[in-house]
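Worksheet: one structure, shown below.
We call the chains A, B, C and D, going by the order they appear; numbering starts again at 1 in every chain.
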Amino acid sequence: MNVEEQAPDKTGKNKTSYSQLEMMVIASSRLLEDQERVLVGTGLPLVGAGLAKKTHAKDMVVIMEAVAFDSNPQSLPFCVADARAVYKTRWVPTAAEVMGHFLQGGRIDVGYLGGAQVDQYGNLNSTCIGDYYSPTKRFEGSGGASDIAALAKKTIIIMAHEKKRFVETVDYITSTGWKCRSYDGKSLVYRWELGLDGGPFAVVSTMGVMKFDANTHKMYVDYYYADLGVTLGEIINATGFDIDTSRAKPMEPPTLLELELLRTKVDPEGIYMKY
Amino acid sequence: MNVEEQAPDKTGKNKTSYSQLEMMVIASSRLLEDQERVLVGTGLPLVGAGLAKKTHAKDMVVIMEAVAFDSNPQSLPFCVADARAVYKTRWVPTAAEVMGHFLQGGRIDVGYLGGAQVDQYGNLNSTCIGDYYSPTKRFEGSGGASDIAALAKKTIIIMAHEKKRFVETVDYITSTGWKCRSYDGKSLVYRWELGLDGGPFAVVSTMGVMKFDANTHKMYVDYYYADLGVTLGEIINATGFDIDTSRAKPMEPPTLLELELLRTKVDPEGIYMKY
Amino acid sequence: MSGSNKKILLEQVADYVKDGDRVWTGGWTVVRKPMAMVYEVIKKRKKNLHLVGNPGGPETDLLIGAGCVIKTETNYIGHEVFGHPYNFRRKMEDEKHQGELFHDDWTVATGALRIMAGAMNIPFIPTRSLKGSDIINPSLDGFQALRGSDDKVPKKKVVLMEDPFWEGDTVALIPALKPDVCLIHAQEAGDDGTVSITGGAFLDYYAAVASGITIVSAERIVPREALEQTAESNVIPGEVVNAVLEVPNGAHPTALHRFYDNDPWWFKEYLEASKDEQRMEEWLEKWVYSMDHFSDYLEKIGFKRLQKLRANPVYGYNPDIKRRLDKLGGVT
Amino acid sequence: MSGSNKKILLEQVADYVKDGDRVWTGGWTVVRKPMAMVYEVIKKRKKNLHLVGNPGGPETDLLIGAGCVIKTETNYIGHEVFGHPYNFRRKMEDEKHQGELFHDDWTVATGALRIMAGAMNIPFIPTRSLKGSDIINPSLDGFQALRGSDDKVPKKKVVLMEDPFWEGDTVALIPALKPDVCLIHAQEAGDDGTVSITGGAFLDYYAAVASGITIVSAERIVPREALEQTAESNVIPGEVVNAVLEVPNGAHPTALHRFYDNDPWWFKEYLEASKDEQRMEEWLEKWVYSMDHFSDYLEKIGFKRLQKLRANPVYGYNPDIKRRLDKLGGVT
């Protein structure tokens, strides 16, 4: 994820190089809107939310599951329980309130999540690879991701684009997408059949921005990072299921302001961005 | 309840007059023990608890349903939400914690309650007299009494002794005694049949202290206020059901200290004691 | 909602309360009740309100007495040691008022659990209370006639269930409370809606979150930044508050920690008046309908009397106030 | 319990933790974890612990790595951005460790609801979460083999139920969490057990109430009277706290609001060591088993390094600390 390429001088405003990782964080941050209540997961969402607050969404309400409501961190929190998330807030809730009351109460507009695996219906896996009882790779677990995917009005997923991550069916559905597990565990059903509202709105990767077809609820490519040289063929190759690229448009490159804020204000140490 | 009689000079220490109301409050306060966690209802229990804290039970933990945990009021609270209950405490809970967590969690040793009607099994009525749908007298309602009677390890009831109040069967079981309402509403069942622990420990009245037989769980007279001239015949006459007086002992009169503290420190204005 | 300034005027409060709404009034019996807002609701002659505050104090008896209420769903209606809720009593006891008020009896623990369930947006919550009480006697259900037909009322009062997870105890499932409107009075609120309360928040946080609309009046509205200094003890986030208004003495005649104590003169006059329907109507005319603004009401109460009620800020209450109504003198 | 002085020594902590106990560790992942007490539990070689803290951080990975744990029941085990929980991973992934650790997967919302239900002493609570997730897939239940036979484990993971009160939605009933022991580290506690926490109490109040025994270590133990000044923001009443102990830096290497930040050097060394079983054993010898007392551990960490971690009290954290492990220099 440390690709650095010279940005083509198309618009005249991007005479600098930037990475696919940066484009991913910036593209996802652009999907956040001012005034929205955004429940931010740990990892890159903390970076993207920080950037949005400093650019187009100054009054976005940043919420973190452990402790923070309407957070305005002066320094990048490195987890959702960090003191940096609490500084200059007007209320210090716990997970009982954030998750038990606000999320479960339908008061969260956007869930902003990372994950290890995503499938064509936007189901997320952050639990394990392989068999659940003897996994080849065991991850940290859901944290709040499962709740957020079930209960937010929409979710935005941010994840590196690799064939082993973009799979036809995730090994374990930690967080529900459009077509998820039936109660008996034996089949996949549409989330509304279980009475779930919301659903994945976009998957933002290191190659592009994917959305979900309104009829099939399968993932398609909405934007690709043409400016970074990413091709639709590369996306197809890095995706473990058939993906519709017919609607793909080139992504607008980062502005100088976005890049500068990201590099010097949002994550100057490169804790997540690993400069 | 404003009986004032000269206390007979038996012990030499009670050369003062006192009322049945005072004896009732003092007798009930004596049943509270040091270190106990006592959930105190509004009304006379506030007075009795205040007296116990100032005499034999300095480390009794006084708890009030609305707001107070380990309360040490400097002035008599006139309800369980009063600022007087909050002064000099170390925690300011809400009913969610006091009732939802501590009481429901089995952490309350004593529930200390008033009521409008009590029956032979210690069921309490603070809801209405007569038919529930068209009552001849409608009261304020349970407040927390129903919960406290169901969930405290034991309850102490304080109530004026009158035939209309001490009835064979209460018109409405607000708060469960030993033999209370079945789920279908059609019969009386022992409280343990419903899985309830606890139960009424004593009913302290203006005439004596009643307890409950270990076998029949019916009320009997344990102490009567002989020093005030109360006779067992009077108790029988003022009780709306057959009551066993065979075990009755004369109650030890108030000490001068109890009376002085009650009159000058606990309720000097007579808010509840109506001097 | 969190970015905007939410200040409104007292005159606008009734715009948020619709006839038939389920209304939660914050505070506890005779403490920190949203009285100024309740007077306003009465003045605007709201009808068919369904009161769900747990417990109810003078504001509940007043709303009933003013004819604004058709349903009450609570654990208590009264004025504590001051006296009895005569308007409520009359509706329940008098032949001629039969059917004018549906009352559903609950308890403090279950009132708390029900509004917590409302805040959690779960439809019900289990409790270990209620067993053996007539409160869950199926033949003594004050809302029986409404269940299944009135969608503001849960279809059942209680469902008994065996615990399938642990020891198999029977517990009572009780329905969430879902107020349409929540009225709260506080010591301080930010212009963004953040609420600071001392001396006991009671169930107001839960009610604010559970309610469709929440309005907060406060002794002082302060710039939101001021409340960053007290973040750890702020009790309601602005996010769930739709409007705020500054109303000094807005909880009068109930008590407000650090600001003022109960007004015994008010209770004495009110209790006398509320015993009788005609006198109650006169009381309403004198103290509510004829008042252009709450400040006129306070002017009529008078400066001397309001001074007498002032709390000592160290104690949180007024250590000198007389509280015994039958020996209460005048304001001197 | 509230009258007595509850001070104990760190050496006594393990007396309260029995082999096989369900243990809740307070804090949140890499923040305010009760590390000094956890080191003590490891030193005393406790066995078969059933960890129920939600979520788990380095204390959980450490207890697993030291062989103290047989069951984990949580939504997360990890070190956030610092790196992965290699001891936990090894137990789950390696053939040779099969069956040594039973792990039951949950979520943050349901972890919160379950410990709230524990505090309420209700056997279960409904949630709108979990639907559609493999977390409630009946064929993927990490505690399947234990249900019905192990009385520390609920008989079922979840029961689906239709709401009988309102719109008839299907909700998931989930069992209460019932820890036997709760270990919490706080900024300040009274000698009576009253606990003051800033920067987020997380679920510690609920856990303290839900648990059979609660032990609180704190940076400072103060006379109980001092905590009357902060009553509105004290989070745990002494009533539910069995013992308190003063342990400065007792949450190291995790962060403590206003006191110190995370120790990146610790995480770097630990993460390297925990990747390998042999090196993990050496790490435990070096940092835990060989230490007579926690102050020896701190001495070994060194004054300079502890100084580097100090929080700025205005911010609550250390604005100058470097947090990126791959570019971390030495302590200068």
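Keep this in mind: a residue touches a chain if its C-beta (ideal position, glycine included) is under 8 Å from a C-beta of that chain, and two chains touch if they have at least 3 such contacts.
Note that the coordinates shown come from a computational prediction; the quantities given were computed from them, not determined experimentally.
Give me the step distance from chain A to chain C, shortest route via touching chains only.
The fewest steps needed to get from chain A to chain C is 1.
Sort out for me whether B-D or A-D is joined by the greater number of C-beta contact pairs.
Of A-D and B-D, more C-beta pairs in contact link A-D.
What whole-Å value do you get for the distance between chain A and chain D if each is reduced to the mean of its CA atoms?
The answer is 28 Å.
Mind checking the centre-to-centre distance between chain A and chain B? Centres are C-alpha means, answer in whole Å.
60
Hey, how far is the Cα centre of chain C from the one of chain D, in Å?
That pair's centroid distance is 39 Å.
Need the CA-centroid distance for the pair chain B / chain D, whole Å please.
For chain B versus chain D, the centre distance works out to 43 Å.
Out of chain B, which residues touch more than one other chain, so two or more?
Within chain B, the residues that touch at least two other chains are 86, 92, 100, 104.
Please output the residue numbers of chain D that touch at least 2 other chains, ranges allowed.
Residues 113, 120-122, 127-128, 169, 198, 232 of chain D each touch two or more of the other chains.
So with touch defined the way it is at the top, what topology do the chains form here? Options are line, ring, star, complete, other.
Contact map by chain: other.
How do the chains pair up in terms of touching? List each pair.
Contacting pairs: A-C, A-D, B-C, B-D, C-D.
Could you list, by residue number, the parts of chain D that touch chain C in their complex?
Touch list, chain D to chain C: 113, 120-128, 154-156, 159, 163-167, 169, 171, 173, 175-176, 178, 198, 232-233.
List the residues on chain D that touch chain B in their complex, please.
Going by the criterion above, the answer is residues 2-3, 119-122, 190, 192, 194, 209, 224, 227-228, 231-232, 234, 236-240.
Show me the residue ranges of chain C that touch chain B in the complex, using the header's touch definition.
So the residues of chain C touching chain B come out as 27-32, 55, 74-78, 80-82, 84-85, 88-89, 92-93, 95, 98, 105-113, 116, 127-140, 142, 160, 169-170, 198-203, 205-206, 255, 257-258, 261-262, 311, 315-317, 319, 322-324, 326-327.
Residue numbers of chain A touching chain D in their complex, please.
Residues of chain A touching chain D: 42-43, 65-67, 74-75, 78-84, 86-87, 92, 94-96, 99-100, 103-104, 127-128, 132-138, 140-147, 150-151, 172-176, 180-181, 183-185, 189, 191, 194-196, 269-272, 274.
Which residues of chain A touch chain C in their complex?
Listed in rising order, the residues are 35, 37, 59, 61, 69-70, 86, 88-93, 97, 100-102, 104-107.
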